[in-house]
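Labels A, B, C, D and E are assigned to the chains in the order they are written; within every chain, residues are numbered from 1.
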Amino acid sequence: MGPIVVLIGASFGTGNGLSFPPKGLTFEWFGQVIGNAVYRRELVLSLVLAAVAATVSLIIGFLASVALGRSKRAWASAMTSYFLSPLIVPQVVIGAALMQYYALVGIGGTQLGLLLGHVVIAIPYVIRSIVGSIGEVDPALLEASRDLGGSRWRTVIDVMLPIVKRSAIGAWLFAFVMSWINVELSVFIAPGDLATVPVEIFNHLQYSADPVVAALSSLSAIVALLLVLAIDKLSDLESMSR
Amino acid sequence: MAVVVQSLISDHRLSFHWYEQLLGEDYYWIVLVRSIWLSFLSAAISIIVGYSLAYISSRLVVSRALRKLILIAVLTPLFTSAVVRAFGWQIVLGSDGIINDIFIGLGLVDAPMRLMFNQLGVIVGLVHFLVPFAYLTSSATLQSHDLSLVRAARDLGGGPWSTFWRITVPLSRTALIASFSINFALAISSYVVPAVLGGGRVKVMAALIYETFSVDLNWQLGSAIAVFVFVPVMIVLFSLEVLGRKTAIPTRSD
Amino acid sequence: MSIKEGEFLSLLGPSGCGKTTILRMIAGFDEPSSGELLIDGSSALGKAPDKRPINTVFQSYALFPHMTIKENVAYGLRRKRWAKSRIPQAVQDSLDMVNMGAYADRYPAQLSGGQQQRIALARAVVNEPRVLLLDEPLGALDLKLRKQMQLELMRIHRQVGTTFIYVTHDQEEALVMSDRIAVLNGGIVEQLGSPRSLYDSPRSRFVADFMGSSNIFEIDSGDSKAKTVSVGGVDISVQNTEALESGTDNCAVIIRPERISVTTGAKADADNCVRGRIVESAFLGPMILILAEVPFGTLNVKIPYYGQDTDFEQGEELYFSWQASDAIVIK
Amino acid sequence: MSIKEGEFLSLLGPSGCGKTTILRMIAGFDEPSSGELLIDGSSALGKAPDKRPINTVFQSYALFPHMTIKENVAYGLRRKRWAKSRIPQAVQDSLDMVNMGAYADRYPAQLSGGQQQRIALARAVVNEPRVLLLDEPLGALDLKLRKQMQLELMRIHRQVGTTFIYVTHDQEEALVMSDRIAVLNGGIVEQLGSPRSLYDSPRSRFVADFMGSSNIFEIDSGDSKAKTVSVGGVDISVQNTEALESGTDNCAVIIRPERISVTTGAKADADNCVRGRIVESAFLGPMILILAEVPFGTLNVKIPYYGQDTDFEQGEELYFSWQASDAIVIK
Amino acid sequence: SDDSVFTIATYGGSYGDSIRERVIKPFEEKYDVKVREEMAVSNVTLGKLMQGGSDIDVAFMDGGVSEHAESMNVLEPIDTSKLSNADSLIDEAVYEKDGKKFAISAGFYAVGLTYNTEKIDTPPKSWKDLWKPEYANKVTAPSVSNAMGLPFVLGINQAFGGEANNIDTAVKELGKLKVASYFDTAGAGENLFQGDEATIGAAYASSAAALKKGGKPIEYVTPEEGAIAGDIRLHIPKTSSKTDLAYKFIDLAISAQAQQEMSADLLNAPVNKKAELSESLKAQMPYGKDGSIADLNIPDWFALNENRQKWTIEFNQEVIG
């Protein structure tokens, strides 16, 4: 239990700690962040981006997992691992690669490009965390659905998805987080005129650490808190089936 | 999309020049081994911690409020940027940090221990970063388990501990493998945590790649190093995946 | 309700009446909201399931999907820290007992429903517990195998001296195997007694009905001296009139379907004889089921099949007769 | 093997003989390694399960855990794009049919085993498929409810005209309900025919045994003219001697347990009468089971229970008699 | 691309804020143009220029990256005669290679000796003071991931009398330096002092000033060997389609007014000789209280870039391990 307690303690500590004495966390800095139109827009951009990227990745990742999850063939393993590959490559590399690619395609520095980039790095998490649960769905239930006239597709939606719902919510959270905290990739492909919150923090840390960092970080933590609570509420709704 | 990225990366590999330079240099090999070792260790520890937490909260904690609290405590740090989080750890692990204060206060040690700016710090930081991921995956699987199996095990004389090890853990196998893959990959590609908590003195491959890209501005070599890391890690992940599927519980239609 | 050491007690009752729930409380998975549970005289409430000398054959089998059959069966012995060398033999013996010796290395998902049920049985029995809870342990087996397993279970029961608490939905099974039977209704024990006493003297319509007597008729009046009751205007001779003594209100008469004989003409030597019209008939193998309309209602009749023509024509008029001792009056 | 439209066909066979596997092939979950499957004259192989006009009641229920009972039952209708307004009524009717109307808003995990099975039944039946596959659909129900459901299923069968393929491990159930019965052994159809024909003229020891005749004795010699066979030195009169015509090798005689009568003295008017010693007896409710040692082996006897004393003493010597027509010779 | 928009590749964070307030906004007002900001760190900006896909008219990039950009041939030559403020520029602010002026500095920052006055009594004077045994494990310095990392190594090389074409001496000496932690970003460095993990080290002057302002007992001194300097620079990339405006923008950025204000925001040393600094501001300049631009050790980036690869590896291998 020791390390766990410390971890829990620390996880509270991190939000407020930073390098600043507590006075750095007065509402003054929050005010400064909230009052600044640019930071506000960045906060909104980051939130929307993370939510959209997570949703898109969840959809793509879920479909890919459905195709891969229940197969025992070697190619399915190979593909599953292959989908993981963007996970291993440091994001600087992906960022640089995407930047070049975007320049070719003409979506460099656009929000679309940023979204696509985040989807690319989030999909592996989604796939990896769903693919296993899909493999474990009781095949009899899928058969029952087919038997009752559900097409392959309906079976996926009506039976598979609800049963792996918890994993899917987890995967969505993963994807959201990957986008929400992403710096290394976003630095390369973020729109020139609007950064995401982590990029903003990164920029602020370049030449000195100013209190905006603390306020922005704490704000992220609050957003996270609300989000986690919301999801917990959502996912509890149907935890009846036990 | 992943395909596009990959092909782009290989685009850099116009000649084998960078590879020759890379493979001939012992230093890269040393750092590669170190990175894999650190990642392996952090992934393993984070899974133990994350899985235990998920188990405790989903099976042992009765109070809904406490469960919620654990969930929040585990997940919230995930949303703060890695840099800020690493700074937070300095407060805990620093020479004037909480842990040293406690140990000195209890008279267990006289002088502050070095808990960071070394490999230990890196591992602690990585584990903290990775635990929420393990937690999410684990609690999803734990909640989907058929509890009648646990009952059967208890009925057959298995104590809570033995039931945990012999029934609950094996039934979570798939999720644990998935979790390990994710955490291992996250650890190996993570750069900020080792930099800040390793005091810049625990070089990992991700840091070398970052330096090569961002400071040396040598994208070709950077990509080459990335591929150099990519290959062995991919082999590890692929083996895990194959192992996972091969040993999967057979179903009726097999 | 107390269960004697080494007793074979069956729980009988309709689907959803709480049989599984009772077993779960005995095994320690649920806590009763009130009441006590004593094992060997000391309270078992609050004791963990693994600390109770009890094993269960689960209605849903609950086989460990990630273990082979062999490992499933060995699980309990391993937990009891049996010597490694003794386990394989015990496992094999117990698998052979359920005719599953050849399947030791398969996984549960590779077995048929009945095969899984047999493994669940072997897994519990191999531990030779002090109390064995069996939740419809033979439900998925065919009649032949079920008979065989019944004998096997009775042998084990005699041999090991284990107390059996047996849930079944098969009256015959309960009658054959049990020392005593408890008939449950809505979570409450309606009647507890030996198979004979339940069959011969059901205390309520529910028990009678549940023990297979589908002819239950409410009586209009009764005469305990003349030993007759009146049902729908027909007088029926009965033997036992105890139930009538406190008045005829709410009394009913039960006539067992298999005690009624069918003749084309009225039968003089029978205590009771009524004329009835055939509504339906069905071939049950050793028996033929006849539904007939008689003056006081619809009569279920089961006559033995001796190879005779079984097609009773609908509408055919026949005589149905039974002895006074075959009609029971209950309150 | 061809199944007629609207027929009620039962598959009977020991646990693990492949009944579920056959249903899975018909439903489209497994592909047969050889052979054809024609529905309405055209091959159904390769057709997806949801494209076949077939519904299944699964042996393991396979209820959707994340849907309420109501949603489970409505699922098939929704997939068939029934008008939204019509669904609730159909669902309610079908739940009422299985006595589960009050549980519409529960989740499967909140039901007992038997209740879940009834939902599985309702979920399949509500779709009124062309072919309904039922895999031991009443296995978890108590006798009373089972009887009731049997009648209900027969009613549906008549009413809707659906073809039923019914797997059961209960011979009586098969005999009562089916138009025809297929007895399976190791994946192969041993005998296919009407209930009567299977019961009266089993073509093999396996079928005879499986249809509840536990007295099968190998014969030493037989005389088709004298209509006798010799078993363990005892001559037994039989009626049907066709099986003897191609030689007595591998022939056996079957005597139905319920056709044997027990008397204290020898019975003169019986075609066959042997003296035997009681080995064991058991109370089966309407029947009493007796195991007796006779000169040619152990005889299973079932006599009706009329309230007599059922305690046959072990070792008691009695006479067992039966008619020539009650003994069947098979090859 | 929209013709009416003028694109500046600028920084994010506090630098970006200052540039926006002090240069971009006045520029928009003065010339009635709409400026689009492309915020990124220098090397990403260079990446964009190398892709050629962007339409950046003026690019801010740091020293080092600037030389890289020149080597990559993505910059237009700058004709200083088109700048009205050219005459007031300090000499160091104009970068020239083979006769081509490719960049104008817009402010210098530096890494010097920073120490905690509570824990250290005698102010350090030289880089060599970092090696004092009493500071063991309490020292910090920029890592090679930091823009000032390699320049720092070169500075040490120089201080210990090493040759200019190799870093053998620095590697040998730094190998013996007992560092608590290297820092990647200025913010991380600042954090080390904040948490007392470091009590002395090579750190940004601006960090020292920020710490001091936050109440930390921190002082900054220029080592006698000179503080290691870097700067932010203005460039006209080849992608620029509005060079006239670009010159006007640069001219405004290096004006005394803008320089003065940016210095106050960022504590950078101004490049315009006419910029007037308050006394308190002077004390926070990268060359120290009484110093001048001459006290800064500005690296020879072309040479450094050439050997960067080799030296990074050498440093990592020999010093970090």
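As a convention for this text, contacts are C-beta pairs under 8 Å (C-beta built on N, C-alpha and C of every residue); 3 or more make two chains touch, one makes a residue touch a chain.
Listed by chain with UniProt protein names: A = ABC transporter permease subunit; B = ABC transporter permease; C, D = Spermidine/putrescine import ATP-binding protein PotA.
Computed from a prediction, not measured in an experiment: that's the story for all the values here.
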item: Greatest separation from chain D - chain, by CA centre; value: E
item: Chain-chain pair with the highest tally of contacting C-beta pairs; value: A-B
item: Euclidean distance of C-alpha centroids - chain A vs chain C, Å; value: 57
item: Whole-Å gap separating chain C and chain E, where each centre is the average of the chain's CA atoms; value: 90
item: Between chain A and chain B, centroid-to-centroid distance (C-alpha), Å; value: 16
item: For chain D, residues that touch 2 or more chains besides their own; value: 29, 60
item: Per-residue overlap in chain E, given as positions that touch at least 2 other chains; value: 41, 185, 187-188, 191, 195
item: Per-residue overlap in chain A, given as positions that touch at least 2 other chains; value: 18-19, 96, 100, 140, 163, 202, 205, 213, 242
item: Partner chain D, residues of chain A touching it in the complex; value: 138, 140-141, 143-152, 154-155, 158-159, 162-163, 165, 238, 240-242
item: Chain D - residues contacting chain C, complex; value: 12-16, 19-20, 59-60, 111-115, 118, 135-136, 139-146, 169-172, 175-176, 195-196, 199-200, 209-212, 214, 256, 258-259, 282-286, 289, 302, 304-307, 310, 325-326
item: Residue numbers on chain B that touch chain A, as the complex places them; value: 1-2, 4-6, 8-9, 11, 49, 52-53, 68, 70-85, 87-92, 98-99, 128, 131-133, 136-137, 139-141, 143-144, 147, 174-175, 177-179, 181-182, 185-186, 188-189, 191-192, 205-206, 209-210, 213-214, 219, 222-223, 226, 229-230, 233-234, 237-238, 241-242, 244-246, 248, 251-254
item: Chain E - residues contacting chain B, complex; value: 41, 43, 46, 65, 68, 137, 143-147, 149-150, 179-185, 187-188, 191-192, 195-197, 308-309, 312-313, 316-317, 320-321
item: Chain E residues touching chain A - in the complex, by the definition given at the top; value: 7, 9, 11-16, 36-41, 44, 47-48, 51-54, 109, 185-188, 190-191, 194-195, 204, 206-207, 210, 214-215, 266
